[in-house]
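Shared between the two complexes below is chain A, which has chain B as its partner in the first and chain C in the second.
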Partner chain A sequence: MTKILFTDKLDSCVERWRSAGMTVIGPVQRANSSVYDAVKSASELDLNLVLTDRSIKELFFPQSEPMLRYAITKAEINTDEFLPPSGPRIIFGARACDASGLAIDDPLFGWDYKDEYWFQRRNESVIVTIACTKADEFCMCTSLKLSPDSTKGSDILLRPLENNKGWQVEELTDRGREAFKSVADLLQEGSDPAAATVTVPEKFNADACAEWLKNPENFESRFWKEISARCIGCGSCTYLCPTCHCFDIQDEGGSFEGIRRKNWDSCSFALFTMHTSGHNPRSTQSARWRQRIMHKFNYFPGKFSANSCSGCGRCTRECPVDMGITETLQEISKLSQ
Partner chain B sequence: MTENNHNAAQNIYKPATMKIVDRRDEAPGVRTMKLEFQDPADHELFKETYRTGMFGLYGVYGEGESTFCVASPETRKEYIECTFRESGRVTSALARADIGDLVTFRGPYGNRFPLEEFYGKNLLFIAGGIALPPTRSVIWSCLDQREKFGKVTIVYGARTVADLVYKHELEEWMQRDDVELVLAVDPGGESPDWKHRIGFVPTVLEEAAPSPDNCVAVLCGPPIMIKFTLISLKKLGFDESNVYTTLENRMKCGLGKCGRCNVGSIYVCKEGPVFTAEEVSRMPAADL
Partner chain C sequence: MSIEQQYRTRAKELLSAGEVKMVIGYGAGTTAERRRPIFITSPDETERLVLDSACIANLSGYLVTEGLLSDEKRVAVFLRPEGIRALNVLAAEAQLDPLQVVIIGFDLPKGELKSLQGSSVDDFTDLLGALKESTPDVDGRELLEKIEKMSPEERFAFWQEEFSKCIKCYACRQACPMCYCRRCIVDSNQPQWVNTSSHTLGNFEWNIVRAFHLSGRCVECGNCDRACPVNIPLRLINRKMAQEVLDSFNHFAGTSKTQEPVLASFKKDDSETFIL
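And now, the complex of A and B:
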């Protein structure tokens, strides 16, 4: 017997969580894309998507985050700090790749200096992940040593029932247990079998790629130019990526008052590393693509013991010129044989 | 990891407010400012953490923040001195600011020169152009505890006489009998009354021929000067592991998060900005 949440009870759960003061968030369809967003009832949730178009990252690290409002006089600088809107949240229906992505970035936002904008949201969010029973050709979690039912970064893992009538509930963390205590009476003990998680074929050998990337001789390989020749540097892959964390800090307003914001930035852009002198350490698109791959699969794991990639495949799925991490790592896998 | 451990509840992106208490034009377009903390808590934190070699982000609200070194030594923490060339949006705004105006500072960040390892050794400082300020921070940190070090030699060169910065301190070092100062300007950059060397830094350095025995070198300058000076140092018998330099890269956070200042796997903001020439030689040259 396992705890089961039946689909017809989900709306009551949403209501229960909402009346307890939690913001309920889940995958929904918006005008042009599917995103994770706040809902008022379970009927708004779209739980049949392979994956939302946009990743879960923006719930923790928004595209544009106001940090300080400044007002300046000759005698003083007044600043008001913006802190992230506080309050408990439950994210229902995350995918394992998205939840893993958050856990991958935790050490980055925490090393030495703790980014409260990230951690306040992390500490107030319960992540309820639904194991995948379908995938598409772009999914690649298994190539990153994750899986459609990875528990990394999740507080609750739900396994869809074979009969499609609900989910088996696996409580993973205290935070998850706490959130599900409030709906305990809406869950039932049952023996309905879980549906098999989808099989995601392995697309490349991550270990072999890591070895190849670590070899200093390959830093200036012709490979980088060839593989990135059609990159237009639009930055879509970085914005859609659940683990890409690069940002810019910009002041919006005038000399006397305005707002300092932290905005998403992208290593795909030439201005990203441009010095005032005009010197640019990564002046070509191929150098920038190399940086993106090296960062995710060599530098980041060197520092934080995990690839900066959870295999969601959005970079490839949405790339306007049909590039992406998959193709590059597949080619590197071949080169490293 | 750095020695900084900021309190967890703090907003790490919030800068300290600084008042400009003095300023000085060093060379065309180059200015030094003396900044005083307005909040004693910010000042305390600076006093606890600042060591020579660390950098900061200097800012003007409405324009942004710009990264450069702290030019004042770790032996003088009552204020911060910074020297910058007016070249971009932020430095232009800093240059417009007057005595009494308020600007911002975030830091100090990064690693430092390991001064304790320099105790008892001869010191060779080599700087080119506007790279004297970071070197000057180390120079004064050592001169303020002069007895702990051996012979001190400073080789400083600029394109023209007008481009030499900290002219009043050059004068002071010139007068001291416990400092050997070698000044140079590039050929063509001399004035009619120039009494010092004429030549590029690497050449002048080779002529001065300081001994590598029990000596550490601190080298700061534009990349082209660093490249050729390293060759000269090698000729003089210096080991790359005894040559220290600082790297500069574009930064937004200074805290290891915004993702742009890395050279290969090395984050300049956290693992640098101070490196030995040996460490730099192991970095991918194409990423510098």
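And now, the complex of A and C:
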């Protein structure tokens, strides 16, 4: 016997969580694009998507976030700090790749300076992941040693029932148990079998790629120019990526008054490494693409012992010129044989 | 012989004869429905070229890649009429010499592949002139008409919702053949003329700056609209601006390589007295 959450009870759960002061968030359609956003009822949720267009990271690391307001007068300098809006949240219907992405970024945001914007939101959020029963051609979690039912980064894992009438509930963390305690009477004990999770074929050998990337001889390989020849240098892959985390700090306003903001930035942009002198150490798009791959599969694992990629496939799915991590690592897998 | 096979043969001949150093065309993509830009430099590789109704992207933007074109290094490129118009605009704005480009022209009326005769921009003058007189085929015309009928407040609310999705990835800019500025105004940061933040104001600033900058230059190839990862209907803005420019100045971008840029040229006898 396992705990079952039946679909027809979900709306009552949403109501229960909301009345307990939690913000309920899930995959929704917003103006012809799918995103994780707050909902008032379960009917707003779109739980049939393979994956939202936009990743879960923006709930923790928004694209633009005010940090402080400054005002400079002859007499004094005043600063008012902004802190992220606080309050408990439950994210219902995350995918395993998105939840894993958050866990991948935790050490990054906490290894020396503890990013309070990230961790306040992390500590106040319950992640309820639904195991995938379908995938598309771009999904590649299994190539990153994850799976459609990975528990990494999740507080609760739900396994869809075979009859499609609900989910088996696996409580993974205390935070998850706590959130589900409040809806305990809405769950039922049952023996309904779970549907099979989807099989995502392995597309490349991440270990072999890592070895190839670590070899300094390959840094100047012609491969980088060839694989990125069609890259147009937009930031779509980095901004949709659940693990890309680079940001820029900008003062918006005048010299004497304004707001300091933390905005997403992308290594795909020429401006990313542009020096004040005009010199750019990554002067070509191929050098920028190499950096993105090296960062994710060489430097990041060297520091944090995990690839900075959870295999969601959004980079390829949305790329205007059909590039992405999958193709690059498939080609590197071939080279490393 | 299929058009695809004819064009592969033509690409092979152009490369073998040394007439071009590179062919920019379409190849198979990640999925059966996808095509991706490919760059062929050897006659042996021309079989990789694909040409069918999925070859929609306008490839002309690659032509302004630094150091690509020269008299010794001509490049052939697969272009639809919109791409040929883009080539004309780029030539008119002195971004490239169209004699260094060999056009492999095709069209997809109602999704049916059709070859276009000619290889130089001047060979397509009649075709492009006729396009000016025709009613453009716009995906989403109903939505456009709906927006036209809205009150200014409703219209503002519509675009506010659309632009609120913008993440400033600049895929629209990077995919656009007309966005060739070495340093875009939004990347000019001393001072920072346009906010980099993708909050509502910043997103309005960016999308409106871009719409104005493209007015009279946009050839409506749809690259920006397809590139947008959050599906903002950018084509509708460009359609609106193109219509305004046509109605106000009788100007249709990209009909010839010497066409004067409509918003960047002036005449002494201009009817607007404030200009002088």
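Note that in this section the second predicted complex is superposed on the first by the 337 of 337 C-alpha atoms of A that agree within 3 Å, B and C clash if a C-alpha of one lies under 4 Å from a C-alpha of the other, contacts with A are read in each partner's own complex, and residues count from 1 in each chain.
Throughout what follows, a contact is a pair of C-beta atoms (placed from the backbone, for glycine too) under 8 Å apart; a residue touches a chain by one contact, two chains touch by 3 or more.
Everything numeric in this text was worked out from a predicted model, so none of it was measured.
Three-chain overlay on chain A, with chain B and chain C fitting side by side and no clash. Of the two partner chains placed around the shared chain by superposition, neither chain B nor chain C is touched by A:Pro85. By the touch criterion stated above, A:Asn298 is placed in contact with chain B alone, chain C being left untouched. Of the two partner chains placed by the overlay, only chain B lies in contact with A:Trp111; chain C stays clear of it. Number of chain A residues touched is higher for B, counting chain B against chain C. Of the two partner chains placed by superposition, chain B and chain C are both touched by A:Gln250.
Contact with neither chain B nor chain C is seen for A:Pro193 once the two complexes are overlaid on the shared chain.
Residue contacts after overlaying the shared chain place A:Pro201 against neither chain B nor chain C. Aligning both complexes on chain A leaves chain B and chain C separated at their closest CA atoms by 5 Å.
Residues common to the contacts of chain A with chain B and with chain C across the two structures: 248, 250. Interface residues of chain A facing chain C in the complex, by the touch rule stated above, are 30-33, 35, 53-54, 63-64, 137-138, 229-230, 232-236, 238-240, 248, 250, 252, 261, 263-264, 266, 269-271, 316, 318, 320-324, 326-327. For chain C in complex with chain A, the residues that touch the partner chain are 29-31, 34-39, 57, 61-62, 161-162, 164-165, 167-171, 173-175, 187, 189, 192, 195-199, 202, 223, 226-227, 229-231, 233.
Remark: chain B residues 1-2, 4-6, 8-14, 17, 60-66, 87-88, 91, 93, 100-102, 104, 223, 248-250, 252-253, 255-265, 270, 284, 286-288 touch chain A in the complex.
Within the complex, the chain A residues that touch chain B are 67-68, 70, 72, 74, 76-77, 79, 81, 83, 108-109, 111-116, 216, 219-220, 245-251, 253-256, 258, 260, 262, 265, 267, 272-277, 279, 281-282, 287, 291, 294-295, 298-299, 302-303.
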